[in-house]
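The following pair of complexes shares a single chain, subunit A, combined with subunit B in the former and subunit C in the latter.
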Partner chain A sequence: MKTNGYGFWIGSAVVLALACIAAATIKNEYYFFAAYIVVQFVVLATAWNILGGYAGYVNFGTSAFFGVGAYIAVMLIKWMNLPLGLQIVAAACVGGALGFAVGLLTLRLRGIFFSIATVAVTIILETAVINWRFVGGATGVQILRPPVMEPFDSYTKMLFVCAVILAIIAVAIARYIETSWIGRGLRAIRDNEEAAECTGVPTLKLKLAACAISGALMSAAGAPLAMYQSFVEPASAFNLTYSVSALAMPIIGGTSHWIGPVIGALLLGTVQQVVTVTISSELNVLVVGVLLVVFVVGAPQGIVGLFVKLREKIKGKNI
Partner chain B sequence: MKSIRLFAAWLSAALLMAAATAQAQGTSGQPIKIGIGIAQTGALSGGGKAALVALQLWVDDVNAKGGLLNRKVELISYDDQSSPAVTPGIYTKLLDIDKVDLLIAPYATVPTAPLMPLVKQRNLLLMGNFSFQVNHTVKHDMWFNNAPWNDASSWSDGFFSTGGRLGATTVAFLAADQEFAQNLANGARELSKKLGLKTVYEQNYPPSTVDFSAMIRAIRAAKPDLVFVASYPNDSAAIVRAVNEIGVGPSVKLFGGGMVGLQFTPIMESLGSMMNGIVNYNTYVPGMDYPGIKNYFERYSKRAIAAKVDPLGYYITPFNYAIGQMIEQAVTATKSLDHKVLAAYLRKNEMKTIVGPIRYGPDGEWASPRVITTQFRGIGDKNVDQFKLPGKQVILSPASVKTGEIVAPFEKARK
Partner chain C sequence: MTEWSFDVQTMTEPLLKITSVTKRFGGFTALDGVNLAVAQGERFGLIGPNGSGKTTLINCISGALRNEGGSIQFSGEEVSKLPAYQRTRRGIARSFQIPRPFTSMTVLENLLVPLEFVAHRNSLLRPDTRAEAMEILQSISLADKAGTPSNQLSQVELRKMELARAMAARPRLLISDEAMAGLSGNEIDEVLGILFKLNETGITIIMIEHIMQAVMRFSQRVVCLDAGKIICEGTPTTIVANADVQRAYLGA
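Presenting the complex of A and B:
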């Protein structure tokens, strides 16, 4: 697929403008509550795809980074009452450092062994938070939202616009990685790590960079959770559902292109939101599982792959 | 010309009257919507499903009487998956899309906590549903909890006052390292200090613990007079089994206190005689008589069996029915659905419910807590019906509902 720099930034500006217009005109807060979750998953899925999609390292530790982001925000609120923007920046820094550290320890493992190690990270961090009384420990902590900032009339709308900005930043970073030498290096690692190493690709450095960037974005996505829920407790902040969804969305959308995780998150996130309040929450989890199996078996390249195949077919017919 | 004007005036008046009638019919014809997000899946679903059966029973009862303010009552419920992450979205949908008139909180503390800032921000009445200290930080003045407790010590007061009467001087604490259990244990520690008891053993265990044999042996070695346990359902069952196998020694006068799960029918049925002698908290047991409660349980039991939920439902369900009764009393008395008006009524007046009269304190919790402390006696194995009989759980405290005296020490009471 060709990438058009201007087109991407114009598209991003349009999306942000539409989000702001929606926040200014739509009174019903429910849409923003639901849309926030969907956009949050765009960030998580895009972040997951940087390491999982481009480099082929399947990370089950999304919930660890997400939970760390949430708890960094909680800590900063309780400690210094810092504003939301600084909470997100701090969470991204800590998430990046954590990603780097976790990468150093685990990236020498491959395949299923790496995945198991990332699950362990979630369990270790959740246990640490359970025993950290300052942030509420196992009990959790209630957070009172500060007054909303101008020009917003509700905190939820502000969080939604904030999530859209985060999503644009995440997608822009993923797009840059994909189209630059970093992306080429990561793809070489995914296809054959030994061959990449032999041809001079700095495999460990690239994997560490991918892990740190991915971790930073996941933690940044977790930071607004404290204000979104007004309550954070370890079981929900470190919930494995985040890991499963962040993995399922790029696989459904397609891992080879930056738009894949976006499509997957918008599709699956929206379906999950609709199913939760219409049919049954049990089906919500089932939907993820069934879609994942269907796409892995029927369309391993995801929706993007299907689209590429369709386009090639049409081209072939025209020739 | 004059006749045309007269005709136009009549026509206008007729149209206005028709519009007014249509509007009035529209309001009175529409049901009063009550919204709730309640666990139907996840860890809290056992209680959530039974609670929903009780609430639906109240809705059917009130509709059979003609509804409220001559309008039918409709309960709109969503599954919160036992997760606090889902609660804000569900309640915003209830308010902004479903346009509910009144709100009932989710079952239990964790899913309720995220809801408190939302209702405070929007100035909404919220009927609490078995949560604990959830209004502690937010201090919302339109919150009314249905559960018969207020602070942490109200749970374990009966256990320690009974222990004090038995001349206890030492205590051991065993608590799950989780939210509710830790709050409970903290309240118990305060009461223990007040009584001047010496702590000879103290252990917090991870929530995933399945083997308690080492802890029970350590308690036995410490030779305490009282053993206070704050545990969750699965842990409670495992602890009771460990005690049954190993024993806690002859020094122990009382064992139990804050064991969640020993109130749930499937666990009580499964443990059977192993529970004999345990002194534990509860909210309702057979033998406590309030107007309408027997009739309620007869009807609840039929529905619960059909819905395949807790067939006895003593612990939670009558308090859920009571939420409906309180709404009914407040709406009928004030003839209003205005949240401020209803909250003012609930704050000032005594509520008449199937779990007895309820008066609220300034924090929206019961002004006089009524958590009961009971001792299991004469329990046999594999018999659900025995739990319907008074005397199987003897009430030791509070004095107002007391049905018997403590049998101690623990080893003697187990026989």
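Presenting the complex of A and C:
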């Protein structure tokens, strides 16, 4: 499954253009409200896959990075009223630094132990925010949206386009990592860490880099939350369902290729939105759980894996 | 002392020099003050009964484990504090007792890892690493398996791929940890042939092996470990005749 460089960038430009056209023509704001969440999950799933998929380190701390991103934005709004773009950049920087620090503490652990440590990070950060008055403590904080920027006619539409840009950046980074020597090193780590180290792969350095990049993208995805909801509170910003979804989407889509998390996020995210509207918001957690089990048992390589198998079968028949 | 080991001792600087290396696991002393010197270009055999500390010793040399006391010098440089990948980059490569292929990759891609992370890590121009990997595979007649996923290889192919992957790191010292375990007679000859050929190109080789015929045929000098200590050192013929070695192996 090789996509050449031009194809990817043309595809990205088309996606961005379609997002802008949709924002200009579709009147019903609710579609953008729902689509924003789906696109936000594309960023989270892609970011998760850099460490979890390529290197095989299952991170349960997505919600920690996401929540930190959201609260960095809150702080910057309260302090200096910085614009959205700078909030995202700042959140990415802090998320990257946090990823590096958390990585230093936890990446020497392997398998389930690493995963448990990342859950702990979420709980620690949430507790810290709950006890911090400046950002509203446990009750949360109300944010006043500034007037919408030209040429957008609504803030939600602007956030949607912003999320699409973030998603393209995230996928481009993941794709670069996957196809470069970094990706080969991370795959070697996932397959056999001792052997990787003995064939010259600086395993700790690569894992730290992956954790920092992944954390930066997750925090960047969390930054617009403040503006999106006009309200941020710890229980929702650090909600563990972000961690579960960010993990389930790449596994359902397929972790070996950058398109996997994108497919998984678009599919699962859309199903979640539809279920939330038509049935109940509680049920969408069940949907994630059921789909995850079905895929882990039935198609451990995800949708991408099914596609590859199908293609091989067709090839086999032709020969 | 034989003539040959006398030669080693008079050499000015051995490639690998291990001085009173100790390693403990809890209360168990796996290595107890091991001293060893391996000369440049030597074919060196390491034998010993199960649990004698052979693999622990090479884990300490390659960096998979850190020794607690003593020093490990590689071509004059102290390496015992370096992480494993740094040692590989300095020229220490190894194969594993139980093969550890990168299972999600093909045979060729397995070789690209050391080529990209060791041999060409500083290359600004993009060298043709695939062609280079192919050359290595051809040299050990594994080229026809280049595109095969490494989890579909037979035992002998896996062993050969491990050696090829070690070769791709362009080592000066190659440690072969029981590369012949579980192989048939012909296959043993094939792997031995590969190791002899590598040695002819100037690569120093430490062979750990339970198959006595193979070690004795291959090695210029053999050391026998027992319970973390070197009990005997000499040419293959003197080792086989040594009473301590026989006692360690046969328990007599």
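Note that in this section the second predicted complex is superposed on the first by the 319 of 319 C-alpha atoms of A that agree within 3 Å, B and C clash if a C-alpha of one lies under 4 Å from a C-alpha of the other, contacts with A are read in each partner's own complex, and residues count from 1 in each chain.
We adopt the following convention: a residue touches a chain if its C-beta (ideal position, glycine included) is under 8 Å from a C-beta of that chain, and two chains touch if they have at least 3 such contacts.
Source: prediction; values computed, not measured.
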{"item": "Fit or clash - subunit C, subunit B, common subunit A", "value": "fit"}
{"item": "Partner contacting more residues of subunit A (subunit B vs subunit C)", "value": "B"}
{"item": "Subunit C, subunit A and subunit B - angle at the middle CA centre, rounded to the nearest 10 degrees", "value": "140"}
{"item": "Contacts of A:Ser256 with subunit B and subunit C, given as first, second, both or neither", "value": "second"}
{"item": "Partner chain(s) touched by A:Ile130 [first = subunit B, second = subunit C, both, neither]", "value": "first"}
{"item": "Touching partner for A:Gln142 - first (subunit B), second (subunit C), both, neither", "value": "first"}
{"item": "Which of subunit B and subunit C A:Phe33 touches, first, second, both or neither", "value": "first"}
{"item": "Partner chain in contact with A:Ala70 - subunit B first, subunit C second, else both or neither", "value": "neither"}
{"item": "Minimal inter-chain CA distance - subunit C and subunit B, angstrom", "value": "39"}
{"item": "Of subunit A, residues touching subunit C in the complex", "value": "181, 184-185, 187-188, 190-192, 194-204, 256"}
{"item": "Of all residues in subunit A, those that touch subunit B in their complex", "value": "28-30, 33-34, 37, 127, 130-131, 137-140, 142-145, 156, 225, 228-231, 233, 235-236, 239, 273, 276-277, 280-282, 284"}
{"item": "Subunit A partner contacts - residues on subunit C that touch it in the complex", "value": "62-64, 83-85, 88-89, 93-94, 96, 100-105, 109, 112-114, 116-118, 121, 165-166, 168-169"}
{"item": "Complex interface listing, subunit B residues touching subunit A", "value": "40-41, 78-81, 83-90, 92-93, 95-97, 110, 113-114, 116-118, 121, 136-138, 177-180, 182-183, 206-207"}
